[in-house]
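Heads up, the next two complexes both have chain A, just with different partners, chain B and then chain C.
Up next is the complex of A and B:
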């Protein structure tokens, strides 16, 4: 239950972090809050040559709000989002999701960027940010590129990050004043990994409607992306069969029920 | 080896450590602060909960190397803390422990929760304390103790 030996670096800037990550050619792991990486180090599921601690990079800690988006630094903790004071539907959803991630001590340390880059399919942020249509800033040796979160998550624990690249910001488009949302997570125990997630974002004024199912063995999927008059349990089960055929047996019902509860808790039915 | 400088219970600490060392092991084995207990070592049980920069954190899944410049407070650092002593008194009064192994972590989380919120109902208290496992008590006494702390805080605010 002790990590293997590794080298440790504390870069002070994104450029320095990128150079360090490039130097190890994929054999270094970036450390943010460490709430997933350090357990995996302790269990020796991860055996990197080096750990690059990003926590000293001040520019990755800020939340910036413009007229069109919320730009969240990758090092912003779940707790900071849970207690964010800004108003509006987007922040309401972010607060709701952040408040139920893991445990109090985990939310105090764990970060949104770390969670997205780790890409555990059960992570709340993957489903929530897919429903919100978030884009990610990825810094690398050749500058910064932006990518939609759906393209960034390639599979379970697998993301589109090349050696030398790191996730620096999460960009969430602002929803309108009349937007509605719903989120439902099924866990066996408070704070445990989710077994099913449903997330709905409905912004009629901006023509945005997304229903997402998450916490499967593969990354979250968009079940519906066009506004619907009614959605029944059978509609959701059928959409799951198409979008996530690997979900089988009683798990189909867990996921369909989570999606229905998300729909019923907020968005237009 | 890597050098770290941090504050532990109000005192400046400088050390050379192996980067793979957890904060929990650093506190216990290098600083001999054994009030911080180690249970699961992967962030599930909460026995190792300490305060980092004023809020609760799990020291078994925090690398000591990542604590450079941080302000760490362990259960030993709360000896003269009136708020913690009130929480301790409620834990004693409600028999909120049997073997006591989880208790330092329970107290650290209870302190964070009762500082962060002015009031919480029983369900919310159970949710807030859910990251700390107790294998003896069944939690009834622990929840009552935290409820008592909130009630006392509310009474003090009114006075």
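Up next is the complex of A and C:
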């Protein structure tokens, strides 16, 4: 399968990219690493009038660390996060998650921003960034706005991006020195799409505790946001029933088990 | 020089170009004015087709069945009892019979252009009920897929003994239904075709990614109604075939026709989506087995009813009956079985036409037999390897005539099992299994499978099967070059088997010429002797035999010339290391070749004027075939939460007779085992009720990757076949046969304490959870045990 014919642009700045995306009034697709978009183009599942290739925008490639947050350019690849050298619990979790995304080729080209904007519920970053309380910078014709990831993801493959807007940065609050985390992803085989994800972030010093279940047919959900004395499998099942009632059959156990394993691997139960 | 003959671990001659990205596959070919073809394929499984609506601007670039009526429907004939032939139109005419069937061909300047045109072609349908289940398709009121068939049955067979007495008296009787899912074959390179008309030779030249160039030529001739010498078929580098490329495909006929019609080169490259949908074409068997045994697990009788889900059409030339015919003959496996009865039905459904995938029916037959052996062992509460061992044909009984009349030529099957057993520590694994059951870690299971594989299938066997266009024997043309090197030309096609190396090794063994000086030419009907191609683990036996025969005869001619030049009697000369010796005098092949080619006046006038070029042939004197054999062991861990199967250890003990190149033998087995693991754990195209395939990309169709494969531990013995030149038995398919059986036996070993048993592949988490549910184990059981 080959893509339909489309216009191709490679802007050099966010402003230029935003103007191009606005010009096509929603009929243009932004291209980051292309690991989802290019197959979708070739299968003709998407048929845009134009593709706006963001790879020439240098300012979207950097990772910046301040005292309170990690600001990750949307074009930073999974591999760059996998091999990031900075220390601390936040980077440990980002590295752990990045290292198990897809296959080496996918990690070398795929980007964190592309993954979030694509909003496949099975994507590792959606669950991980929700648990970390990430916010996103969205650039558009009227400037830059920031939005929590939970509000940005409107549904499966659906995000809060207006024509002319693009996701430029992912802001992850830094966890404290004593923070713990746990992440478990269930796949049928190495590198495949997740069938269940559990992610736990536990930073007692900063009052942060989030347990996230992901890789359902709908976007990830926060099951618990306050630390508990104990969390049993039945507690998780009950929370899933409330937060994600569409999960049925064997999948209830798969998701509950992924969350339990994430809890066991790092955080307080 | 170090020998580069039989048994040497010679590095593969073909690897240099492959590893440097310098190979030439069909997709690498380009010709001036070449057009790309995209097909409109049926989006529905079963429907009456209305005439296409085509934009006027596109009309000259779209070809529907009405535009290509000169192409005859493919008709797979055969003298097979119980087989009813049905035509396979290369494009659906009045009725579409599977999702992916070709409705129209569109030509464009590029593939994207051709796909744009294809999108604009509109077909309307009156949908008919889709038959996706072979059992339901045999219902009296099921819709007919072909008017020629009754109850949609393409072929049926029944043979064997009645064994009333055993049925009445056997202490153990068990029944099982085993199923293998429908698979795609998934070679690295999909199919691809470039066809062009060559005015200079007045030939249709078809470059095709095929295993069988001569066979494709014959097929093109038959269905395009063109003389064979008006056709040349070339298979350039081919990236894996596994049977998928061993038959004539509709696309080859359509491209050939378009090249002649348009007088321009046309190209079609199969994409992965086409492959996974239109090419979901193999392995789908159902076995209803009733087995009888004694209280020690001795197999007394095997009563099998087999159903092959053949899809919509019968493929050319082997027919859709091939799976059932092969399976019915080999179900008794390597066992001393005296009482056997089989019925088999090959049934039309609204799916792609079934064809042979590496080892044809053997993975299914092995699955059915080996799971039955383990079930028997569980029934009599004994270790499965012991029951298996006692049932195996003992070495003292060789050669052994099986209950279906096959002559097992040589081998120590029990030794094979013993080597496998010794490769693992069963007692230790049994102890660990108990601990794990109690402490909540993943469940552990160990499974064995032993098989014997009929290789070197040759003339009388094939004649007996009633196949058409499968002569069995092989030819090889060899030529000493004027500088003393060797050219070998063969009609089979090497597409991963390393035959450019192993064929050279056979010649090197006979003539003492280093393999670096031997060139193997294959894949071009203009250059090579006729052959029906590469399949059935037969090339090393048959072509190896033909090359050796040709080289023997060359050696005779060289000897005559050398004797004259050295002034000795021919039988006084000793041939060793590529030279004739007599006392201290010697004469090398290059020295003799120079005389024969350039100064023949030095030779007597009555010397054979045929020079140093010979066509040899091979048909074993005893041509009942060779029987390779093997035992595999799988050690698995089953996750208690997700019911995933992890392969912890895998052992394959193989005997393929004499090994021509042990490194290539190992590669064949490793590749086969990995494909077998795919059958066992991952690969499956399911269909919904309307006949829509549920896998169309690799996101849905899982294949094993390196992360899923343990270090496969290989052991081998070499028991020569008494019937073949050099004792070679053939190894191309073997590795793929046993993994489904060994892995599922291991899974069932792990599940036994829970009272659950699976009998279908792939053994997906859903199938394991269903088996547990059937055993009354509630979902979520496993973690409960852990906490």
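Everything that follows uses one rule, which is that the second predicted complex is superposed on the first by the 269 of 269 C-alpha atoms of A that agree within 3 Å, B and C clash if a C-alpha of one lies under 4 Å from a C-alpha of the other, contacts with A are read in each partner's own complex, and residues count from 1 in each chain.
What we mean here is this: a contact is a pair of C-beta atoms (placed from the backbone, for glycine too) under 8 Å apart; a residue touches a chain by one contact, two chains touch by 3 or more.
All figures in this text were calculated on a predicted structure; none of them were measured in a lab.
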item	value
Partner chain in contact with A:6 - chain B first, chain C second, else both or neither	first
Which of chain B and chain C A:115 touches, first, second, both or neither	neither
Which of chain B and chain C A:189 touches, first, second, both or neither	both
Which of chain B and chain C A:260 touches, first, second, both or neither	second
Partner chain in contact with A:43 - chain B first, chain C second, else both or neither	both
Touched partner set for A:233, first chain B, second chain C, both or neither	second
Contacts of A:250 with chain B and chain C, given as first, second, both or neither	second
Shared chain A surface residues [contacts with chain B and with chain C]	1-5, 39, 43, 103, 189-191
Complex contacts: residues of chain C adjacent to chain A	110-112, 115-116, 119, 271, 273, 641-644, 681-682, 697, 699, 702, 704-708, 764-766, 769, 779-780, 783, 787
Interfacial residue positions of chain A with respect to chain B in the complex	1-8, 10, 31, 34-35, 38-39, 41-43, 51, 53, 55, 79, 102-106, 108-109, 189-191
Chain A contact footprint on chain B (complex, rising order)	2, 18-20, 22, 25, 41-43, 46, 49, 52, 55-58, 60-63, 65-66, 68, 109, 112-113, 126-128, 130-132
Parts of chain A lying in touch with chain C, wherever the complex brings them together	1-5, 39, 43-44, 103, 186, 188-193, 195-196, 233, 249-250, 253-254, 256-257, 260-261
